[in-house]
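Attaching a single structure in structure tokens format; questions to follow.
So that you can tell them apart, the chains are marked A, B, C and D in the order they are listed, and the count of residues begins at 1 in each.
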Amino acid sequence: MKRFLLGSSGVLALAASMPLVFQNEYFFFAGYVVLQLIVLATAWNILGGYAGYVNFGSGAFFAVGAYTAVALYKAFALPLGLQILAGAAAAGLLGFGVGMLTLRLRGIFFSIATIAVAIVLETVVLNWHYVGGAKGLPTLRPTETPFFASHTVYLFFVMAVIAVIAVGAARYVETSWIGRGLRAIRDNEGAAECSGVPTLKLKLGAATLSGALMGAAGAPYAQYLSFIEPTSAFSLNHAVNALAMPIIGGMGHWIGPVIGAVLLGTVQQVVTVTISSEINVLVVGVLLVVFVVAAPEGILGLFRRFFPRKK
Amino acid sequence: MKIRNLFAAALAALSFAAVAQQPIKIGMSMPQTGALGGGGKAALLALQMWVEDVNAKGGLLGRKLQFIAYDDQTNPALVPGIYTKLLDVDKVDLLIAPYGTNVTAPIMPLVKQRDLLLMGNFSFDVNAQIKHDKWFNNAPWGAGALAWGGPFLDAGQKLGAKTIAIMAADAEFAQNLCTGARAIAKAKGLQFVYDQNYPPNSVDFSSIIRAVRAAKPDLVFICSYPAESAAIVRAVNELGVGPTVQMIGGGMVGLQFAPIMEALGPMLNGFVNYNSWVPEKTMANPAVTEFLKRYSVRAKAEKVDPLGYYLPPFNYAIGQMLEQAVTATKSIDSKVLAAYLHKTEMKTMVGNIRFDTVGEWSTPRVPQAQFRGIKGKDIEQFREAGKQVIIGPAALKTGDIIAPFDKARN
Amino acid sequence: MNLILEIRNLSKQFGGFAALSGVSIGVARGERFGLIGPNGSGKTTLINCVSGVLANDSGSIRFDGREISKLPAYQRTRRGIARSFQIPRPFASMSVLENLLVPLEYVSNGKIEEAHDILRQIGLADKAATQSNQLSQVELRKLELARAMAARPQLLISDEAMAGLSGNEVSEVLEILFKLNAAGITIIMIEHIMQAVMKFSQRIVCLDAGRIICEGTPDSIVQDPGVQRAYLGA
Amino acid sequence: MPQVAHPAFLVLGAYATYLLAGYGVDPVLAGLLLTPVFFVFGLGVYQFYYSTFEGRGSDQGLRGIAFFFGVAFIVQVGLILAFGVDQRLVDASYIGTSVEIGEMRIPKRMLVAFGVALALTGSLALYLSRTFTGRAIKAVAQDEGALRLMGANPVRIKRWAFGIATATCALAGALLIIIGPVDPNLDRLYIGRTFCVVVLAGLGSMSGTLVAGLILGIAESIVLTSAGTAWAPAVAFGILLVVLGVRPAGLFGR
């Protein structure tokens, strides 16, 4: 635990000192995306990797966070911190609802249901004209950001904080008693219940936490783009990334999604700049299939295979 | 010591020379695929022609132009990223907006924040709320929907229309235009018998056209994007809108694009739709004719819109405005250029333009034209006058409307 | 008689099919109780209802004097009902030892030593670190029992723990169950292998088509014409 | 089997039809010509899936879903790369004309699509109920062990079923592009519609599928014509969610 705290404060300090090293705004613009992916991947892994419930609707949680933030900003001009909390709360609530679905639905049916949730919510937002409906809503960023070189840098730092919190939460879940229970659920839910694991409670908890973290990742989205619009907020790409990155990084350990997100996120950013944004999505899809087929334990698994730990 | 001084001087001279020779970078994103991709490619070609023309004359302020354009796939979410990259990585000097309202809206906050000049590109009312003082739109419709929807509804009123049906895409441009058209229709005392938004990228309009038909309207005002426009024209042809309809059309983007005109052919007959430029005698001028001749040669080679009436002249005009402003002020600074654009009349091949406070044409000019006598799918027939007869506004009018719609179809 | 489990009038329907209709059974503390019946007679449904995997439609289930039929399965486990599954359901991604740590953590707050103890008792001590999807059939059966033991049950339900095992392996598992019973655990055994259930049980109930057709000592059960009919289909 | 790539294959079928139609082939004929190709393609996909997941018996739940999800995604992005995000459509004599019955006008393309779809569903139902392989396919969903006892190899049956399902996509894709223009992102909507119909019908019920399809179609067009045109995309998924939540066995399932 101590080592982790030390490590995470190190990461934050590093994030804070980035502006001294990098003058180019674009670095932060791109870095923000990578951090956002870390949060999404880590959050997905809590329900998907640990408990084995494959969520295809990550975009919905992300967008609920984003739109909650936008609506509250428009209505009460809430500061970003509160927007994030509210976004996380709303998406957490949605997570709780999706958790209730696990009562009846498993495997592929649960996954399809999450897609259904995403599309129904997207249609709701399409028809919600207060936040711009289908045409979207431009959002002005605050012109001044105290202590930070620019608003992008500020958002970068905020997302770094969320990422550290997300990874910390995932690590706690994994290493505490909750983690073993979730793994038991993934392996065999019936046996888990009969071994005294309160499966419903754990699933609800995991779904809520996972949803809330995704919502937190989505909350600053509108400020980041200075614009929000349903198609991209609910984009299937969020779902693919959230799912692909833990699988590629390795689902068993909290560092897996982080590795996956950093690796893929960076590749994506580079590819977007140098080749095209289509190829970058394709890269994710292809890597996903390749890893699922050839290296089911992800990069972590490969690493362990080549450097077995001594016991 | 001396040597070092000499070295420093040489370095300074070198870097000065480098600055002088460095090109002026002009950056933009342009929909080259997706809903607006067809029009976007044509517009891009016109801008490239302008850049080539200027560079052939030796550039601006002695510097060559470098043109950087990315494809935004008509996806609003990609646009802020592209413009951030244009500014921070590519370090462009001047910005042009992508063609279209929904892809322009997301960058308005960005340019306002960084206080940069942005040349608008056929978007509609994007600056109405943000009121950025360095925004200048090349589109001829001016602020608000009065100039746009007005002539259509005026003609409808003259025909004695009492009821109107409105169908609009759930997208920025269509919603803005529609809101305007509603206000005008209300002022004229028209009764709304159908008023629905349909989801973006809808492909099947049979149910909607049936519902419109059942409402028995006199006028049908449609605000749609290209693929939907084509689908709507098809559905109207298959299902009919009923004998009550006097006029149909108004704000359908896409019916100005040659590939869509070619694909629809005679199905277009009778539709009344807005335009920016049509080959009628009230609009022709030698500069545009000369440009279109050069353009169509290039367009055929690059397989983009061979007619190029709608966007290309106006995109070339963006270039002409930049050229005039930069040459006159000897500057590429946003503030200086914006001030010049505000106070000076701009001379372009699509006419002389003065901008109002929100950067729109102070004297709008939107012809509403009716498709007539189109036979078969030959694209060349659209080059003749009389195929798209301007029915309003009065200054541009080249013929009276034929109504009802069913009669105009034959 | 001190009843640890008291089932009254238990019914369960699947759609229009009555899997259990009005079953009443009492099991005494410390008893070795056998449950037999042909395939589809409702044995597994019955213990699924007892362990909480399924909810019964009507009737009551009292455990240790308290009504439990509305409790979720994990709480029944925490009160002392543990079971093994007919088809072994190991936590495949975990080692054998970790499999035991799940109930230890969630039910009994036991220490890791306890898990080692159980594995030693059951004869899996040398497999503690093995991933559980690498086990042989008999080892999987033992793991099922071991994991049930880790919940420190008062009542252990063994669902066909010997199906598909060889003669030697059957006696091995039987021996384990006898030992557990000797330590004070009530055991309900569901079994198809007649010798085993006859040898083990003090009392046997035979189900057919969701009803109890007879109840008694092993000897009397064998003689019962109803049982013979149910099994031989005559 | 967690086949979530099915709708993507459907769109792939539509694009393949578009390619053939470019050479002047009638779209329905093109769909028919494509079925064997898709059949073989389906066999291949299943074989690959089997040898990497089912055969190895490795945690196929999560990774199987991820696999097909990835495949669907690759198909979609591949189509975008190959054709762009623009809508594509085909031309045929029955597209753009309609049959008039009094006040009603029914587009011929709809009649053609309806007829072919009905014939396809009918022949599939016959195949599944009358032939040995057909019945084996229905059986494999319920009890693999029993099937093995009957002397049929469940893997081969499944592979065959997968091939047929994929082949159906070719023809269905052709119908899709006859009805209206297609774009690569269409499969997302069809995930909802496909699963909605299947779940509504109850897995494995052919006649139920027909009724469920009708219900969904009518519900969607009621929403389109009445108050909330803009709500149409949510219809399929809304029904799906409600059915999943209330009656997972489907309206016609047992």
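Convention: a residue touches a chain if its C-beta (ideal position, glycine included) is under 8 Å from a C-beta of that chain, and two chains touch if they have at least 3 such contacts.
What you are looking at is a predicted structure, and each value in this text was computed from that prediction instead of being measured.
Enquirer: So which chain is the furthest away from chain D, centre to centre on CA atoms?
Expert: Comparing chain centres, C lies farthest from chain D.
Enquirer: Report the most central chain, judged by the distance from each chain's C-alpha mean to the global C-alpha mean.
Expert: Central chain is A.
Enquirer: Specify the chain pair with the maximum number of C-beta contact pairs.
Expert: A-D
Enquirer: Starting from the mean Cα coordinates of chain B and chain C, work out the distance between those two points in Å.
Expert: Between these chains, centre-to-centre, one finds 76 Å.
Enquirer: Give, as an integer number of Å, the spacing between the C-alpha centres of chain B and chain A.
Expert: Centres of chain A and chain B (C-alpha means) sit 38 Å apart.
Enquirer: Between chain A and chain D, what is the gap in Å from one C-alpha centre to the other?
Expert: Here chain A and chain D have centroids separated by 31 Å.
Enquirer: Per the centroid of Cα atoms for each chain, what is the distance between chain A and chain C, given in Å?
Expert: So the centre of chain A lies 43 Å away from the centre of chain C.
Enquirer: Scan chain D for residues touching two or more other chains and write them down.
Expert: 59, 230, 233
Enquirer: Residues of chain A touching 2+ other chains?
Expert: 123, 126-127, 134, 186
Enquirer: In chain C, which residues are in touch with two or more of the other chains?
Expert: 92-93
Enquirer: Spell out the part of chain A that touches chain B in their complex, as residue ranges.
Expert: Going by the criterion above, the answer is residues 24-26, 29, 123, 126-127, 133-136, 138-141, 143, 152, 225-227, 229, 231-233, 235, 272-273, 276-277.
Enquirer: Contact residues on chain B for chain D in the complex?
Expert: 33-34, 37-38, 73-74, 170, 196-199, 201-204, 206-208, 210-211, 227, 231, 234, 237-240, 267
Enquirer: What does chain C use to touch chain A in their complex?
Expert: 51-53, 72-75, 77-78, 82-83, 85, 89-94, 98, 101-103, 105-107, 147, 150-151
Enquirer: Over in the complex, which chain B residues touch chain A? Could you list them?
Expert: 71, 73, 75-81, 84-85, 87-89, 102, 105-110, 112-113, 129-130, 170-172, 175, 197, 199-200
Enquirer: Where on chain A does chain D make contact in their complex?
Expert: 48, 52, 54, 56, 101, 104-105, 107-109, 111-113, 115-117, 119-120, 122-124, 126-127, 134, 186, 236, 240, 243-244, 247, 278-279, 281-282, 284-286, 288-289, 292-293, 296
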